[in-house]
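Read through the structure below, which is laid out as structure tokens, and then see the notes.
Should a chain be cited, it is by its letter among A, B, C and D, assigned in written order, with residues numbered from 1 in that chain.
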Amino acid sequence: MTKEKREILIFLIFTLAVLITPLFLRGSYYLNVLVFIGINTMLAIALNLLLGYAGQISLGHAAFFGLGAYISGILTTRFSFDPWLAMIISALMSGGLAFIIGFPILKLKGHYLAMATLGFGIIMFIIFNETVALTGGPSGLSGIPNIHINSLVFDNDLNNYYLIWVITLMVMLLSINLSQSRIGRALRAIHDSEVAARVMGVNARVLKVQIFAVSALISAVAGSLYAHTMTFISPASFGFNFSIELVTMVIIGGLGSIYGSFLGAAILTVLPEFLRVLQDFDIVVYGLMLILMTMFMPGGLISGLRLIGEAIGSRIKRKSVSNA
Amino acid sequence: MLRIDGITKIFGGLTALEDVSLFVNKGSITGVIGPNGAGKTTLFNIVTGLYTQTSGDVYLEEKNISLYAPEVLAGLGLVRTFQNVELFGQMTVLENVMVGLHTKSKSGIISCSFKLPGQIKEERYIKEKALHWLEYTGMADAAEIKANNLPFGKGRLLEISRALAVEPKLILMDEPAAGLNSRETSALANLIRKIRESGITIVLVEHDMELVMDICDSIVVLNLGKKLAEGTPREIQENPAVISAYLGES
Amino acid sequence: MLKQMFRVVISVLFVVLMAGSAVAAPPIKIGALFAVSGPASFLGEPERNTAKMMVDEINKAGGIKGRQLELIVIDTQGDATKAVQGVNKLIKDDKVAAIIGPSTTGDTMAVIPVVEKAEIPMVSCAAGVKITDPTKKWVFKTAQNDALAVPKIFDHMKKQKINKIAILTVSDGFGSSGREQLVLHAKQFGIQIISDETYGPKDTDMTAQLTKIRGSEAQAIVCWGTNPGPAVVARNVKQLGITLPLYMSHGVSSKKFIELADDGAEGIILPSGRVVVADQLSKSDPQKKALLNYVENYKKHYNVEGDHFGGHAYDAIMLIKGAIERGGDSPAAIRDQLEKTVKYAGIGGTFSYSAQDHAGLTSDAFVLVQIKNKGWTLLK
Amino acid sequence: MDNSRQLIQYVLSGLSNGAIYALIGFGFAIIYNATGIINFAQGEFVMLGGMLTLFFLVFLNFPLVPSIVLAILISTAVGIAFERLAIRPLKNANPLSLVIITIGASILIRGIAMLVWGKDTHALPAFSGNEPLHIAGATIMPQHLWIFSITVLIIAANKLFFNYSIIGKAMRACAYNSQAASLVGINVKTMVLLSFVISSAIGSMAGIIIAPLTMTSYDVGIMLGLKGFCAVIIGGMSSGLGTVMGGLLLGLLESLGAGYISASYKDAIAFIILLLILFIRPEGLFAKKETERV
């Protein structure tokens, strides 16, 4: 089986699993958890394109998530836009903003880039908080309408599940395609050696900004979906902590792996469930996890899984050889 | 092919290059030699657009490329290899060469994401071409190996394959033989000649004098940022200034 | 053979299970959403502690009509996303009969659509007016509205002939809601706000804002926030030698504030729940018994004095307990009985809910207190 | 009528906040210059300084000076442990991993502090009373004088250390070119460790002297750390005096911004300045332009 065919097969199996999962979870609370996992998967993929592929860190990505949520929320509540239209506008505006600030920000490297994106995130957070007339300020914006297609209203877990996962699967597919194309290779080349990539004719500056904009655009779509499924948003969900949580998802799942992003998003979404036993210890576990993962499993969990898979695969192969 | 006109480069008060001029003939192999710190790599960095010179100009086929960025120069057919081997370590050998074909393809983010028909065709072309260049340099059987896992000598070879994929008019090679054993070096010499025969002009910085004298048509000697001498290998070998510079250093 | 053994095991299990259920009815599950960690932990932590303490106490005393209570606490971290995830778990996974919390107005607004749809009664511990205005069928609250606190202050000002004031509010949910109410009521009282400043929840120096206020014609300063910001304000006021009367909100009616503000606290006037002045209340005060009991109990369990934030959770638990006692443990019955609550004298005040009023308190819920000699004095 | 008095107050408040930012920024710069790492956990040392002093002073009833000394020693020990356990094993890691590791450490230290000391805010008694001092119609607290003088003292001591002592010079050599430094026999590892020692000690000192004014809790480190970082970016990483100037400028702009523009956007002002400086003059306002390198 060629690599490409295997990729397609994996995606089809994943899609099938996503589509039939609700059959086993009818009415269950886990359907709701999966809705959030879907949103977080989109965000993790968006950040992974930037962080895992292009190697450019962003500690302010929650800002784009929030921007998507707020633009969509404001347009629908204050100006009665249709949610779909609001989503498209919020995605384009966030992508556009990223494109504009991308040029000066992505000129920076490493720690400086980290700090600049962090600063951007904090500025946006302050804006969400302080422009009370528009955003409702710290006590939030409520009454955001659900998305609907004609009479089909996405106002329950099952409908939201399909809405969000269909879009998440699309984002996954497009990102996988992108990562395996000349653009994906160029991004990874920038990651490994920006100088060599440029010498090979990759316009690193423009490409970095473009992927930053794409990443912001996907984040904004996730934000818009979040706003319309929650019907309420407040700035606390889009702060520095969430930016760090997003980075953690990508790192734990695996840099440069789309399925890793899903894995990281899933783990960080359900983690509070398991850490609840620990009560206040969860923040400590969280910090330890970040350190230990970076030190001992820099490829993330997906690389660990891959190693296990390979080990099993080679054992099976060996067995079949010895049997023959 | 390449004309360097009075290049001076000053780093925070330190003059790395001073009024260096040289001319590279189309289809030739030109060697740039000189003791450590002579400014050879700085010169390469300026020509390929990584550094901006303090003064002076660079012309590629009579076109002033002084202020061009490296990615633009790649499009114009000027490419280089690196002294410290700058591979894309996390990618396979094949993918490394495929990056070299970046300028030969043009699908954007949208057509790549949606796998539009043109992009699929282009991708097939990129892969075929990349395999072709790997065969050309004799690396085809290493195609699926991760670049970081290559032995050093193969890494140098991969850099050259990747540079060839750009289909350049001119390749600058920064110490291509450094760290190679004698067998690898003689294979390299043959490869360089083969590349030149295909019509590509080559400039190389090299410390291996045997190799330089063997394959170069003309040689430029730099010392302490200035051009010391220029000529055929024989002329250089007999040049008293060159001899004293090298002896003086050691 | 195997089949027979299987049958025996099954029947034994069945008998045991039946016997078990006959002895003890399953506990009534109460869900709790508190911001135990994160920036609003000053609310969530005493609320969680109080709720746990109360449930333990009720269970020790034999539960409600012989049924034990089970409290399931979820930490929202003051983040709407986590609050919504949490409320979904409580409703769909734990199948709770009623919910207390969340701690903050933002979290509460985020979970309201979920509880309304699932038809589970919720008694919020947050203060925002919009939680119960307009009235939502399944949502009640125990925390006193800011709308009740502000008139207390303005009344006092009018008596002191203060007409021009400066306000300094924190830029979080508590402060922005307070600011809204201050601006709204100032008009009605004919008080002019001539300086309207804010500070960030993590700010450690407010001299710039206060200097600006000092340069204005304000006759008094109102600071609206929760610890530690107002303590910094109090200290800065003292540092700058500002002699204007300083009013604060019920957000700082805790011992902690006096400890933090140190000398700066002296003379500050604020509306507060009765909890801080429980011992100064007249014997006829209906709340006195509950207040003294709560303060003492909390101190015994947690070694610090109970504050009125914990009191919100106390009231929520007691209100739900009362509703279950009257009407049983189905969510619909709890809701209906909650709405019928009349004159329950708790920590935050004396609650009477009705179909139109799910906040249940009158301005009587607040008293005005002044800080004197590092203690509270009831202003009559 | 008292516009000038108002201005003087803004300036004084701004400068005293600025001195704190400068001191914290100084800690950043020392580690950055020795290792090229921006230590996102720097703010946590500030928190540790304040909380530990409080712990010894208020909970264990130690006298002030021993409390301070113990607090600095323990914070420094945490700094050493951090370097040995998390930074050293990762030699040659890419900036991305280092950013994540230091963020992880910052969360971890903060979490442990929360578990040990709880979530409450605490006030530390002022070193020498609470009677405000009047200067040209403006007032400051005696504690501000402590902040100014200790900042000056620490900066001066560092200047002497880095310019005149052998070890200080060796550390500068490492910062300039660690390979070359190791060739001439300087133990680069020790120098990196030393940079963590100095920086965590300075950080905790900063936390101690500001705690009586700003109060302290397990989570004060985040914002103070970020402001310190802004200071060092404004002033320039490579210059000690620049950091001080950067800190003072930042404090001043914040205070004037809060006074004359809008207090709501005070923090936004700091970060907008940070971004502008990064975009326009990443080497900082008060540093010499560095040579370009590839």
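The rule is short, and it goes like this: a contact is a pair of C-beta atoms (placed from the backbone, for glycine too) under 8 Å apart; a residue touches a chain by one contact, two chains touch by 3 or more.
Only a predicted model underlies this, so the values are computations on that prediction, with no experimental measurement involved.
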Chain pair with more C-beta contacts, C-D versus A-D: A-D
Distance-maximising chain from subunit B - centres being C-alpha averages: C
Chain closest to the middle [Cα centroid of all protein chains]: A
Distance between the centres, which are taken as Cα means, of subunit D and subunit A, whole angstrom: 33
CA centroid of subunit B to CA centroid of subunit C, Å: 71
Interchain centroid distance [CA atoms averaged], subunit C/subunit D, Å: 37
Separation of mean Cα positions, subunit B and subunit A [Å, integer]: 40
Subunit B, residues touching no fewer than two other chains: 50
Where subunit C touches two or more other chains at once, by residue number: 37, 171, 198
For subunit A, residues contacting two or more additional chains: 130, 195, 280, 283
Touch list for subunit A against partner subunit C, complex: 27-30, 32-33, 36, 129-130, 132, 137-140, 142, 155-157, 226, 230-234, 236-237, 242, 269, 272-273, 276, 279-280, 282-283
Subunit A partner contacts - residues on subunit D that touch it in the complex: 32, 36-38, 86, 89-90, 94-101, 103-112, 114-115, 222, 226, 229-230, 233, 264-265, 267-268, 271-272, 274-275, 278-279, 282, 294
Residue ranges of subunit A in contact with subunit B within the complex: 174-175, 177-178, 181-186, 188-189, 191-193, 195-204, 210-211, 214, 256
Contact set on subunit A toward subunit D in their complex: 51, 55, 57, 59, 104-105, 107-112, 114-116, 118-120, 122-123, 126-127, 130, 195, 240, 244, 247, 251, 280-281, 283-284, 286-291, 294-295, 298
Subunit A-facing residues of subunit B, complex: 48, 50, 69-71, 73-75, 79-80, 82, 86-91, 95, 98-103, 105, 107-109, 112-115, 119, 122-123, 126, 162-163, 166
